[in-house]
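Next come the structures, one after another.
The same chain A turns up in both complexes below, where it pairs with chain B and then with chain C.
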Partner chain A sequence: MNNEVTTSRTDSIYAPLPKVTGWRLFIKSVIARAYPRLIGQQREKSWLFFDIFLPMLAVSAYVFVYQAIKAPEDYVGFAVMGGAMTAFWLNVLWSMSSQLYWEKEQGNLALYIIAPNQMMAILLGMAMGGMLATALRAVVIIFLGTILFNVTFVVSSFLQLFLVFILSMTALYGMGMMMASLFLLLSREAWHLSNLAQEPIYLVSGFYFPISSFPLWIAAGASIIPLTMGLDAMRQLIFKSGPSLGFVSVNLEITVLSVLCVVFLVGSKVLLDYMEKLAIREGRLTENRR
Partner chain B sequence: MSSLAIETKSLGRIYKIRGNKKEKNEIKQLKALSDVNIQIEQGELFGLLGPNGAGKTTLIKILTTLLAPSMGEAFVAGFNVLNDPQNVRPLINMVSGGESSGYGLLTVRENLWMFSQFYGLPSRAANKRIADLLKMVGLGDRINTKSSDLSTGLRQKMNIVRGFMTDPEVLFLDEPTLGLDVGASRDVRHLIRGWLEDDKKRTLLLTTHYMVEAEELCDRVAIINQGRVLACDSPSALKRQLQEDILFEIKTSPLNGLTTKELVALSEVHTATLTELEDGALLKLALVEESALGPVINALTDRNITIMNLNKHEPTLEDVFVKLVGHSIAEAEKGGQDE
Partner chain C sequence: MLNLHKSEAWRSFRMATWLGWQIESNWADPLLFVIYSVVKPLASASILVVMYGIITDSNFTNPLFPYIYLGNAFYIYVGAVMGGVSWAVIDDREHYKTLKYMYVAPIKIQIYLLGRGVARFLTGSISVLITIVAGVLFLKVPLQLSQINFPLFFLSLFIGIIMLAMMGLLLGSITLLLVHHSFGVAEGVAGALYLFSGAIFPLEVLPAWLRPVGFAMPITYWLELLRRSLIGNVAQAFPTLVGFTNLELIGILVALSILFGIAAIFAFRWCDYRARERGLIDRVTNY
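Entry: the complex of A and B
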């Protein structure tokens, strides 16, 4: 135990500091909450194995299947793209959705709530941090996949590609933010829901193949997951045979993604406010068993 | 800020708990707080003393806007905690004993910086304050240590710094020395006192089930059990309420025929009990006034009785608790109530 405690009167050490409020506080909170995710990636290197090596195995499996059945060359690229985007889905599902629940377990949630910042800033910070950290993983997967499997990209519109990517990420992480509030109320059950959602979403969202292979109603239903339309649009924009295998036109997909962005972001705000009120009323913010 | 830092009016909280399958998922009601009325002035160090399950943490949760009351109202700095949490939150902070807040992968400085940003502190100023405060609490050399590598005591010091850092007007400390060793507990108490003395407008609400802590630190103490406040006053006043007589224990040489009857006959000696010891005797006296001790000593010296030891017996807060509740805090906790 270090005993160099000195608490003689220290008039300056506690002197009030200026504090920002409003949107500046919001931005500061977003950056502060994003920080652990970004810095955590540098300090905990296990992601290299779990988030690069393991997804590469899945990508390789699809690539070898496609090569064995002599599928069109672009299908190899589809698998690599899917592998990269899987990182975002896993991040949303495991690190984003259940995050508020873990924050509660750890004791952070109560501290976030009693601080004068908005909880939406905390959620957004989690999302931004997760998105940026995962982007690095996705880039590494695409880079390795391209080198290993000799993928050829033919980008028809960089602007549309950029727009689709940004909209997909915004809608996806908006969905993650909404799920985070929902999962907080479900407490431990959330873990089972994540498990339940993981594999079916891989299938119906067409991570490794075009969703136009599905009956229309399945593909349309799956479009509620932002990555479904995002991936389909990206395939159409970066592969030669993409447009011929697309589900609907890129412009329509951009429109749907824009709507999903609004729905999920507004939904997450509404749900978060509702969750906070309900949790305070029922005593669920800091207790599991109530 | 209102002159009252904290005020509760007929505050109550009922938890609804779903029963198990055998009980057909029946909803049970657990009364965690009932008719709590307390007023805490600015600058006070107020203690909530009670066993686990008494309702202390529930009260803190309500006052920190984390839990809605089922009945009554609560105000912090004049703002209603239920209707006006946005005005309460910038003025408060909370530290709990044994908390593991923050992220283990972050260093002590990074964790504290992160929390400072949620209060809108400028980064540079926050980092300077963090460094200064860590130095003050003896963690200066651990500023770049990952918080997961800190011992419980050091981690709690970090948490205390988190509480002080944002300069709250009202600080809530929920069992701040829980699980700490004697030295670390003493350090934490020292820090708390120092922070409060630095600015007389600061108010601190502390919950504890350690009598010594409440007695040493608090200006006033509310004794709480089973959700009810049983008494509320300064530790000395609470003890005075308990003790009408002034008690002395006197160890003497053999009494040479002096009897308790003779002592009780003296003015203002209420009761006297005598225990024979191998090498003398032990007198226990209850005096109406402290001045009555003089005639007692005269009576002893007149008989050539030597006074070997003289102790004034002061009641403790534990005695007050036992008197109010009927058993000690330790016994109450054995009852297995959980908060």
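Entry: the complex of A and C
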């Protein structure tokens, strides 16, 4: 009897999985890749501390600078919002753009390509999991910043705010997916380039001050990074002095963000296909140049 | 026959410096490396410049501006030297997986780690220099060669670098025992010190209950000495340390540096022993 149970259990374990293809496979791949981002990261609670503590230090430093130079109160809120958004930028840089490079270093990339799924689904899963996990950190940073520095929000349109946030995130993570393909060809430079893309982007995208402070051509050029317009629009929608310090109207920013979403998502697909072929042709998928 | 033991410390330091420089610089061609060394610190300084310019209507003649600018510029050394020494543990253990070989080689590990910080000191020095020159040329930071107190500047810089290296060794020692959060330690400490040491705002801006943390940190006195040596009148504009003479500040800096140095040596001995005992020297986590 016991032997029969054991045999049937073994059979069920080694029974062939029902074949999944097409869009079902795509969705399963997305969920499978998003899973470790969402669940795995929440299991390691101590990560939360570093992910929240480090941006909070930077936010606090900039808030104290504003207080030292006696800036209007809304600027403190600008710094808090910018600090929260750095969590997304860092996530895109280190956990999207550089991710395929890390996977290559650890030997997982070849497995992704061998497996019967689409790389686009892997990237999308990484993006969705990362976005949701980072959103939690950003909310905590905003909450702590609001409590510690008495930030006052005056939301003019919740609907537009939601729309701007969703569009910003879609475009930003689309950009991350595109950069992941480019980083596929890099080795040690990947770490340095990600490192390099922090402060300069904080500067040109106006993470800690209104982007309208820059000349038009710099602000317009920086708008290629979705967080530039996203952050500007969000500030216009949640702070009293936001509209007067905005770069362009919120509606125009929504339009530009929508265009960026399409460009980056399509671009990521095209680039991924091209880079994958190139990397296979040049034999760089499994190389490990430290 | 070579007397290896006689020159062990010097050899460890020299080779670590060379190795550190190769790791830091040979990942790119020289032009890209120079751009990398220049862009990051300038962008970091520019964030503060833009913030200051917006609020004060570009009043760069206020003493607060050189206070912020110079404090931020010299703070580059904190991340570079302190972070560089402690990062060597992570780099060698996790990335290159060579820490175990370093342990079996005839070198002094603590001296080797200090040597690995030298390369970061060199690249940091380039960044500091460029940041200051850009401030003088484009933002009218009131720095005049004739008014610089060079002996005070070089003495403060020297003591400060030793102090930062010892703080780096202290962090590196802790990193030897950490398996999971070794990556965040140096960054977290550097970030906290940026906040508490009055690098970019006078300590008076901090809530009163947080100020003692700043007064207990040698970096606070080091940055003040550097500012005083470069632009004497800046010190008079803020009450934080105005009651101290230069000599008193040097005394405090030296005393705190010795304290941190002793703590680093003992911490390294203890952490090194524990790390060997627990088999952490060749631990690779891919964390």
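We adopt the following convention: the second predicted complex is superposed on the first by the 271 of 290 C-alpha atoms of A that agree within 3 Å, B and C clash if a C-alpha of one lies under 4 Å from a C-alpha of the other, contacts with A are read in each partner's own complex, and residues count from 1 in each chain.
Throughout what follows, contacts are C-beta pairs under 8 Å (C-beta built on N, C-alpha and C of every residue); 3 or more make two chains touch, one makes a residue touch a chain.
What you see is a predicted model; the values in this text were computed from it and never measured.
Which partner does A:147 reach: the first (chain B), the second (chain C), both, or neither?
neither
Taking the superposition as given, does A:106 touch the first partner, chain B, the second, chain C, both, or neither?
After superposing on A, A:106 lies in contact with both chain B and chain C.
By residue count, which of the two partners contacts chain A more extensively, chain B or chain C?
Looking at chain A, the partner in contact with more of its residues is B.
Looking at the overlay, what does A:75 touch: chain B (first), chain C (second), both, or neither?
The answer is second: A:75 touches chain C but not chain B.
Is A:192 in contact with chain B, with chain C, with both, or with neither (first, second, both, neither)?
A:192: touches chain C, not chain B.
Using the superposition on chain A described above, determine whether A:159 touches chain B (first), chain C (second), both, or neither.
A:159 sits against neither chain B nor chain C.
Check the residue A:62 against both partner chains and state whether it touches chain B (first), chain C (second), both, or neither.
In the superposed model, A:62 contacts chain C only, not chain B.
One more residue to check, A:210. First (chain B), second (chain C), both or neither?
So A:210 only meets chain C here.
Which positions of chain A sit in both the chain B and the chain C interface?
Of chain A, residues 44, 106, 290 contact chain B in one complex and chain C in the other.
Spell out the residues on chain C that touch chain A in their complex, using ranges where they run on.
These residues of chain C touch chain A: 27-28, 36, 39-41, 43-44, 46-48, 50-56, 64, 68, 95-96, 180-181, 184, 187-188, 191-192, 194-195, 200-202, 205-206, 286.
Which residues of chain A touch chain C once you look at their complex with the stated criterion?
Listed in rising order, the residues are 44, 46, 50, 53-54, 57-58, 60-62, 64-72, 75, 106, 187-189, 192, 195-196, 198-200, 202-203, 207-210, 213-214, 290.
Any idea which chain B residues touch chain A in the complex?
13, 15-17, 61, 64-68, 86, 89-90, 92-94, 96, 99-103, 105-106, 110, 113-115, 117-122, 125-126, 129, 132-133, 136-139, 141, 146, 151, 153-154, 164, 167, 181, 183-184, 187, 190-191, 193-195, 197-199
Which positions of chain A touch chain B when the two form their complex?
1-11, 13-21, 24-25, 28-29, 31-33, 35-36, 39-40, 43-44, 106-108, 110-117, 122, 280-283, 285-286, 289-290
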